[in-house]
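Report on the following structure.
Chain nomenclature is as follows: A, B and C, assigned in order of appearance, with residue numbering initiated at 1 for each chain independently.
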Amino acid sequence: MSEDLVRAAATATPTWKHPGVVANHRLRKVRSLIVGGLCVACVVAILLPLGDMLYMFAYRGLQVISIARLMGSPISSTPGIGNAIVGTAILTALSGAIAIPLGILGGVYMAEFSSGGRFSEALRFAADVLAGVPSIVLGYVCFLAFVIYLNFGYSALAAGIALAIVMFPYVFRTTEIAIRRVPESIKEGAIALGSTKTTMINKLVLRFALPGIMTGVLLALGISLSETAPLLYTANFANYNPTSLFHSQLGYLTGVIYLFYTSNLPFDVQLSYLATFVLIMIVLVLNIVARIGLKRFSKI
Amino acid sequence: MMNEREVSQPAAPQAQSQPSGPSNALIKLVDFSAYYGNLEVLKHINLSIDEKRITVFMGPSGCGKSTLVRTLNRMNDGVPGFRTHGQILLEGQDIYAPEVDPVLLKTRVGMVFQKPNPFPISIYDNVAFGPRIHKLTKSKVELDALVAESLQKAALWDEVKDRLGKSAWGLSGGQQQRLCIARALAVKPEVLLMDEPASALDPGSTSKVEELMVELKEHYTVVLVTHNMQQAARVGTNVAFLYKGDLVEFGPASDVFENPKSPLTEKYIRGIL
Amino acid sequence: MRQMPRLMDLGMEKLTNLLLEMGDLSQQTVAAAMDAYKEGRSAQEVNRWSNKLKQLDDQVSELSIELIARFQPVASDLRYIKASLEISYGFYRYGRYAHDIMEVLETFGDLTKCEHTVVEPTAEKTKEMIKLSVEAFANQDVELAKKITAMDDYVDNAYRDYIKKLMKSRRVDLRCALSETLILRYLERIADHAVYIGNSVIFIVKGEEPTAAEKS
């Protein structure tokens, strides 16, 4: 009986000529084309409105763009968004100065020095939760804590702190992950040469993890550039440049976009478009710089 | 054809790894045991490692040879639950004594790993890493000389002398391993521990590393861990056979491979363990 | 749990079989030569077998080298191969001397008139030693090997005494004297090789050459 089976198997059509298999092959090709087509269609469906949007803002923004507009403020003779740009710059600098060092140091601690116990797990969890808290809530909390309780008033500092809190978890987590990705073998090699842990981290680990850390920093910066609600709570909005860190409001691009769009004054709406365009440009440039920088660093 | 044999003497060992001149024990393990938590991974090891010779630790997987070699430069210190009992004397001083600085120890006892692990920086910077952090040289000229010397000792100089600034990750596997050896030598250790240094390399690179080891033993004390018995037979001066944490046999390579004392050793080297 | 045979074991088994074949064949060859000598006839098969032994020795040589090149044997495997080369040579020499004994017959012609008083017992002793050498190898028996060494003196002395007696005697039948001397010489050499084979067996088992004390 088994000999018959063997004989049958020996004379049977080879698999690749089997009619069932051939038909299946054709079916597979068709299916593959359909699904591929669907994917492309989806991508186009998403990119089209995006392109349209970018075009609209570029068009409207470039209609009113001029040096004067980019330098002045909404209440100067040539209404402009100069103070908003300055304000955004100040806020980014402040929040970055707080969140980036803290985030990186925290990430280094978690990756290299923590013993992995309950405490560090709790810390990591807290950071993740913080990242998920709506920024408006964080803004409100900061309003209560800094603007009212510590009596900073509506100020750049309060806003800067609020933004820093928003940014911190991203820098923190990406730094930890980037450092954890440094191969153990590299660290072992350094230790075997008689390096202390700190030296190893400073001279080797950070270099190796830099691309990852930079990604986190840029991500955080991008987020801070796009926040509106917490800033409204903590810095209110002003049409002039701030005079001090405390009790002095300031303008910022996202504020212009939000507040001026519904204004009755016609120019304000124009400024809103301009601010949108400028913000998009800033984010674009940031990303380009990031990509170039990362490419350079990855070449080590 | 063979002649009639009268009374025949056993042939004197001819192999090149035989020492010329006498040697002292540089490192002595005295009743040394090691534990991971409650698991005893090294059991009462007594062993002498001779100066300027190649001592080989061999044995099946899990026998403790890698653990043993890592205790010699205290690389196991960071592992949770690791503890030791007994002494390891380097030139008479116990390296596990509380007053011993483990960081300094590693400058006397260097290590090369199984998988080459050059840093993602230039070839020059790799070799210069150790001297820089320990401030071994006072000027760039001295450092250049030290880097060149180390690369020459590792038989890599000719291949990289024109591209010291290039990334170390651009080298082939065998070259990377020799770079790691140069990097370890740059710190001027007395002992070089090599944990299966050739097992990730192709046969050509393996031969180069083995030849290098035999040259290095002129100036350094080499301790080699290998699971490749033929390699142990080729380069070892003294061979230790470990099995499940015990030191089963230890002696000159020609004795261990021609006429081992322990039946366990005999089984292992014949491949029937 | 049965140990899976190693790659090398196939070759090692072949080596052993070759040696066993050589042992039996060489024993047979020497016995045939001695019988032919006693009965004064020629035996063609002795030459054939002697040639066959040479071929087998070459095969052992080749196989040993192949095993060494391919498998890098160590410890008892290595000692076994080294000893095999020596033992194979010994068995080959048995055949060769048997062939030489036949040549004596052919050279000297009719020797039935000679006395065989010394040759016969010596031949018996030698045949016994050959048998012991084959068995010692087959069974890896150190005691048998030692026995061979003990028996060597008899054969040595038989040879030397015969020559001494010859030198003292007046009337000597040249043909008988020469042929007997040659035969005894060959028997003495065969006995020596039996001792060497015994020593090789000791080497396989114990890993070292027998000491001088053991050799006496």
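Note that in this section contacts are C-beta pairs under 8 Å (C-beta built on N, C-alpha and C of every residue); 3 or more make two chains touch, one makes a residue touch a chain.
Remember, it's a predicted structure, so these values are computed and weren't measured experimentally.
**Q** By mean C-alpha position, what chain is farthest away from chain A?
**A** C
**Q** I'd like the most central chain, judged by C-alpha centroids against the all-protein C-alpha centroid.
**A** B
**Q** Cα centroid separation between chain A and chain B, in whole Å?
**A** Roughly 48 Å, centre to centre.
**Q** Measuring centre to centre with CA averages, how many angstrom lie between chain A and chain C?
**A** Centres of chain A and chain C (C-alpha means) sit 91 Å apart.
**Q** Under the touch definition given earlier, write down the residues of chain B that touch chain A in their complex.
**A** Counting only chain B, the residues touching chain A are 73, 75, 103-107, 110-111, 113, 115, 117-121, 129-130, 133-134, 167, 180, 183-184, 187.
**Q** If you look only at chain C, which of its residues touch chain B in the complex?
**A** Contacts found on chain C: 3, 6, 8, 72-79, 85-86, 89, 192, 196, 199, 207-209, 212, 215.
**Q** Report the residues of chain B in contact with chain C in the complex, numbered from low to high.
**A** Residue list for chain B touching chain C: 1-2, 4-5, 7-10, 229-230, 233, 257-260, 265-266, 269-272.
**Q** Taking the touch rule as given, give the residues of chain A at its contact with chain B in the complex, in rising order.
**A** Touching chain B from chain A are residues 183, 185-186, 188-196, 199, 203-204, 207-208, 299-300.
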